[in-house]
Structures are given as structure tokens and as C-alpha cells.
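Some notes on the structure that comes next.
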Amino acid sequence: MKALGAAVVAVAVLVVLPAFPAVLSSYAVSILTLIFFYGFLGQAWNLVGGYAGQLSAGHAAFVGVGAYTAAVLFERFGITPWLGMFVGGALAAALGGVIGYLGFRFGLRGFYFVLLTVAFAEVCRIVASNTDAVGGALGFYITFTGNPRHFQFQDPRAHYYIALALMLVATGVAWLVERHRFGIYLGAIREDETAAEALGVDIFRYKLYAMVLSSFLTGIGGTFYAFYLLSLQPGSVFGIPLSVEIIIRPIVGGAGTLLGPILGSFILTPLGEVSRAWFGQGGYHGAHLIVYGALLIGVVLFLPQGAYPYLARLFRRAQ
Amino acid sequence: MTLLVVDGLAKRFGGLQAVKDLSFTVGEGAVVGLIGPNGAGKTTVFGLISGFIAPDAGEVRFRDRSIVGARPHQICALGLARTFQIVRPFPRLTVLRNVMVGALARHPRRADAEAHAQAVLAEVGLATKAAQPAGGLTLADRKRLELARALATEPALLLLDEVMAGLNAIETERIVELVRAINARGIAVLLIEHVMRAVMSLSQRIVVINYGERIAEGSPQTVANDPRVIEAYLGEAYAGAPPG
Amino acid sequence: MAVGLTLIFGVMRVVNFAHGDMMVWGMYLAFVFATKAGVDPYVSFPLCAAALFVLGVVVQRGLVDRIVDAPHEMQILLMLGVALVLENAALLVFGPEPARVRSALTRETVWLGPLFIDVARLVTFGVAVLLTGLLSLFLFRTSIGRTIRAAADNTYGARVIGVDVRRVYAVAFGVGAACVGAAGALTAPIVPFQPTYGLTASVASFNIVIIGGMGSLLGAFLGGLLVSVAESLGAVFLRPSLKELVSFSLLIVILLFRPAGLFGRRAG
């Protein structure tokens, strides 16, 4: 049964998904692009928030750092974003390392850690809003060249494939983590840090690794974000709404599972778009979050492990 | 060779002196029991030895090197493993995975760790439950799991904290056998226990503490007849029975 | 004069210790802001308080109660969900435009020594202090208050002596919500508000509670004063838009070095 499942997934990934752009409308393609992109961000978050159980509500900070870094390097210094991406990722990882070091060294857990991450994200936002060199509160704009070397494309399908690739890479990383000692240790840390320590797990080190890895990947996502939208506003790119978008997909889909973030993105992105359209008339921008809120409540009360484990159980029982 | 040396250990929590000038040793392959009335400070001693609590004073030497100030995971790597009085399984992980966490300490590669974990589960009698989530186990099985996890780290000294608490007579007997078998393999055991029968039959030597201080030490026989021990457990009235 | 404003947040956070890690009082604040229509807030704030009390109890009984034993992340997520729902419900009902509430006192100013002060802010400050005083009387003198504190200190022990812990939680949550309701009404005349303000308010209130110390009434009160003074100073010496930076930095520092806050003890 497992072999069949694996085969289905392989077919989907290798054949169907890449074929979509040829047959679907451009609107569908752009939705899928978003699904893949948020799936990527969600999977990156999943490494530290799901597998390691360290809830970070400030991951937008890493997106922002990655985005601004690559954008500024390109606009001001002419450095190609393909390179800037990694610089952005590295800087995001450094920030993640700082937050992780401070948080874990001082033993912050649960709610206190959440606050720490939010505080850092807000600090980033405020700093960016007040730094005129990067556009201040008005934002930073990237000149459109349409040149692939500048990570910009005339054809929106390019974004589709890149987002898909990113999502697959992140999932691959998560899969590797799961299969090795790193992942098993993270699971132990999530369940019971004290017991894990007694069994020889260096909880500080592994939590820090997870944080750095997660923030690095998220930072790379920031570059995609920047060059997809071509404009950056501190409020949107560092703000809590983006952090919510990042974490809600893996949480609803199944935090700490491999396919959870992907499933979550497939569920939530279209839902988000539909509710954004429905609620957005008349300028009620952001009201679609009410749906997110209701979903969060529902998930916590009824499906605390997320949609994917629930479906997996149903599937197993059906056999 | 003396595996563990505890010398002059002391710890105070606010107004309470939990442990005071405690000294004892555990030799290689020995079984030492640590007993005392409730609140005597026994679990605190475990915390101090295993690196979860920092002592105010005193020395703890394992294999002839000081481990005061070392973090718990480092101490585990040195060969000292502990269980917890209130069991702490990883509830959402399977029994096998639980034990693998311990096994990974000595077998970094997942496949090796898995094999080793299977072996430990067999030794402990949980092999049939390997795929179950640990959260669903009975208390007796959870205690075994706790033991198995610590065992998987291949310790030279195992600290068992009331591993028989809450078990019925049959389960207790089984665990006693298990501990004996583990010890027969050469692993030293320091156990905190209230189930007197078990402690008396397992231990070669017993250390009795009360109010954080050692009040007696010796063979099970000696200790059981020591008036100070009787007094500590049952109160002064019994130690020196008043006339009438 | 931001002192008056932020002090309110201090009052608002006060009863949280019954639940340590629950979030989102600021959402109630936002909601209540929008609710005030027609009646002068300085008169209506008891009503707001009452309404929010009910809401608080409902939320507690209906949602929070169910997951009291769940891991903390779940509780955080639940309250985040409630926050999102409330904030956006307000958005839908009242629209995104900032609103202002006029009070009879809004334009009045008065000379107080060398300072030129807004009467409105003064009244807000005064009422806030009064409410804080009342609240501490409630918690320390009445039997319900004592029960709440007992349950917060030692849930298991409280159960053992027969306290209906669920009811206590509900009351505590409700009272906390009421505080927030009052706070909202009292602040409405001073600050233009919109639904998105809710998140800011939440974060600000957490700032204050952490800094002042979770679980301590005095801490929340003083925390409010401290934070607002710091922010005002920040606005004066640095650029005004950076004043939030001050409180966040303070939050980070306190989180790291004294998570129990300046006066508090760790809840739970």
C-alpha cells in the first residue's frame, strides 16, 4: 500500500505538477505558484515550529531580511539576486541564530519564546520603517527589467516552476531531517525537553540548528517574495499578518509532518484567495483573516494534530 | 574501581536545606539503594548527580572526573543515565522511537540505533509494543520504557528513581528480576525506592538519608535494624518505646 | 500624557494570572472601541465592562475550558484564532476607517501647575487608578478574589479543597475581559482607533505584563507606568516612530534576564 502511495506522489511531482502550466489558466497558475511558495515557507517553518516544537510567530522577520537584502544588493549594487538570495539567506540565518541563541540559552519556552520572536520581528519592522536608505515606511521598489539574470521573468510560468522547486527542496530537507538523528532528536525535544536531555540530547544545540536552518530557508524565500512582487513594505514583509500566513498552513495541515505544510497550503491558499475576494470588497482588506481565525480555533479544538495525520488515519482505517 | 563518588554534597532551596553534607560511593557493577522517608531529599540527590540541579557545595566524581557543572546530556554521554520518578515518555512517538532517542547517543546512525533499540526492547519485554505510541501504555509498561530508554544509552551506572512505585506485586517482581539481569551484565545501579522488599533484595549496600543527611549506611540487614533508621521512618515513639 | 493611556493597559492585563499564557485581551479592546456609539464613554464604560465580562465568560467556558490540559502551544494558537476572529469581525462590522469618539470632555484642557493637560486624559488616568484600586480590593479582600488567587497559585490544591476551578477560571477570565472593556471605553475618547489596533494593543499589553511581572497586580500597574514613561522619553529623544522600539527592546531584555518581570512570579 505504501508503495502505491509513493508511486502516486512520484507521478504527481514528476509529471502532473510540471505539466499544469501548459493546460491551466494563468489565474490557476498564479494560485498554484502561491500555494507552492507558501508551502515552501510553511515547510521551512515546520522545521523549527513543527518538528522541534518551538513556536515562532515572527518568521516574517526572516522573509523580510532575505527580501530586503537581495533587493538592496540588486538595486544599489547591481548584484544578481541569484547570489543575493544566498546572502539574504545567510543574514536571515544569522538573525535566526541570534534569536535562537538568546531564546534557548536563556531557557525561554512556549509562550515566552513566541513573544521573543514577535518582538524581534516587530523591531525589524520598525527599524525598516525608519531607515530611509531602504525606503522607510513608503517601501522599497525594484525596477522591473524582466531579465532572468535579475530573477525577473516575463513569463509568469517561470515563477511557477521556481516556487515548485523551492517547495520540493524544502520538503526534501525536511525528509532528510526526519530520517536522521537530527529529526528524531527534534521530535524528542518537542515532546519533553527534560527527558531528552537525560538521554544525552544536547537540546540547546539542536534547537539552535533547527532555528538556523529554518531561518536560512525562509530568508531565501524572502528573495522570491521580493522579486515576485517587486515592492517591499515593512508592514507587509515583516508584519504579523505574514507570520500568520506562514504558520497557519503547516498548523492546519499538520505540524511536524512531512506533507502537512503542503496539504495545508493546498487547503488554505485557495481558501484565502476566495475569502480575500469575498471579504475584500469595499476595502475590508485583511478581513479574510477571520476565516483563518475560525480555522485555527477549529483545528485546535478538533484536529490538534492537523489535517494530514487525521486523513492518514482515516485512510489506514479504510483498508 | 569506584564509579561514582559523592562527597560533601549540599543544596539549599530558599529556606530549606534539601541536601546536607552527603557522601557515598558506588563501585563498578554494584547495586546501591538510596532510601529514606518522603521528602528526605532523595530525588534532589539524583538531580544533583545527573546535572539537572547545581550543588551549592560538594563534589560529584564519575569515573574519577568531576561532573559538577556538566550538563545532563554530557553526563549521559559519560555513561551515567537516569530515570524519572514521574515517568516522562515521549507520548506521541512510538515505543521504538522513544528508545531510539536513547540509542542514538551511542549509535549515531539511525539504522544502528534502531537495531540496538529493538534489542533493548526485547531485553525489557516490550518488543511486542514497539509500534505503539508511548502515550497509550499502561503504567507498568511506561516504567519499563523509561528503563529501556536509559538502558539504550549503554550506561555504566543507572540511576533508577522509584521505578517500582505504583506497581502491583507481580509487576514489581518482574522489574526486580529485570534490574537483577541488567546488573548481571555489569551495569551498576543506584536506586531510590520505597518498596522495601525490592530494595532489600536487590541492594548490596544501602544508604539511608533523612532531611538531606546520611543517617546510616551498610548492608540491608544492618540498616534494617539500625534504630536511627527505624526512628526516621516511624518516629521517635517506636525507636525508643516509652514505658507504659 | 501617554502615561494615562498606557496605564489603562496595565489595568487591562491585570487578571491574567489565572491563565498565564492566554492572549488577546487587546482584541476585546478593539471590539469595544467600535461598540461605543452614542453614549459618552466616561459614562458607558461600566456597560462595556459588563458586556465584555459576558464575552469573556463565554469564550472561557466554550473554548478555553476544553483545552485546559492541552500543551501550551495549543492554547496560544486557540487565542490567536480568537484574536483573528474578533479583530476581523470588528473590521467587517465597523469598517476599516479610523473612528473617533467624542466625549464631553474631549476638548477641555486645564492648567495643572506648569503643565497644560488634557482633561480627558486626566480623567482616564484617574478612573484607571480607581479601577485598579477596586480590582485589588476585589482580589485581596473578597472571598471570590481570594479563591481566584488560590487557584492561580495552586490549581490542584484548590481542587482538593473543593473549589470549582472551572467556575473560578470563568470568573477570572470574565473580570479580565471586563477590565479590558472598561479600558477600551476609557481610551476611546483619547485615541483614534480602528480594528487593526487590536493587535498592537495586545502586544503592548503583553509588553507591560512581562515587564511588570505576570501575576502581580502591582507589577502590571507599575509596568504600565514604566512602559509609557519609557515610550514617551523615547519619543522625545529619538524619533517618535521609534518609541515602540523602546518598549520592544525593553521586552526583549526583560524576557531574557527576568522573565518573571520586575515584580512578578512565574505563573504556573
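Labels for the chains are A, B and C, by order of writing; each one numbers its residues from 1.
Note that a residue touches a chain if its C-beta (ideal position, glycine included) is under 8 Å from a C-beta of that chain, and two chains touch if they have at least 3 such contacts.
Keep in mind the model is a prediction, meaning the values are calculated, not measured.
S.K.: Show which chains lie in contact with chain A and also with chain C.
M.R.: Common contact partners of chain A and chain C, which must touch each of the two, are absent.
S.K.: Would you identify the chain whose C-alpha centroid lies closest to the centroid of all protein C-alpha atoms displayed?
M.R.: Taking the mean of all protein C-alpha atoms as reference, the closest chain is A.
S.K.: Please name the chain that ends up farthest from chain C once chain centres are defined by their CA atoms averaged.
M.R.: Relative to chain C, the chain with the farthest C-alpha centre is B.
S.K.: Roughly how many whole angstrom separate the Cα centroids of chain A and chain C?
M.R.: Result: the chain centres lie 32 Å from each other.
S.K.: I'd like to verify one number: the distance from the centre of chain A to the centre of chain B, where each centre is the average of its C-alpha atoms, in whole angstrom.
M.R.: 44
S.K.: For chain B and chain C, what's the span in angstrom between their mean Cα positions?
M.R.: Computed from C-alpha means, the inter-chain centre distance equals 47 Å.
S.K.: In the complex of these two chains, what residues of chain A are touching chain B?
M.R.: 179-181, 184-185, 187-188, 191-192, 194-203
S.K.: Which part of chain C faces chain A closely enough to touch in the complex?
M.R.: It is residues 20-21, 63, 66-67, 70, 72-74, 76-78, 80-89, 91-92, 95-96, 196, 199, 203, 206, 210, 239, 241-242, 244-245, 248-249, 251-252, 255-257, 259 of chain C that touch chain A.
S.K.: Which residues of chain A touch chain C in their complex?
M.R.: It is residues 53, 55, 57, 102, 106, 108, 110-112, 114-116, 118-120, 122-123, 126-127, 129-130, 137, 240, 244, 251, 279, 282-290, 292-301, 304 of chain A that touch chain C.
S.K.: Mind pulling up the chain B residues that touch chain A in the complex?
M.R.: My answer: residues 50, 52, 71-74, 76-77, 81-84, 88-93, 97, 100-102, 104-105, 108-110, 113, 149-150, 152-153.
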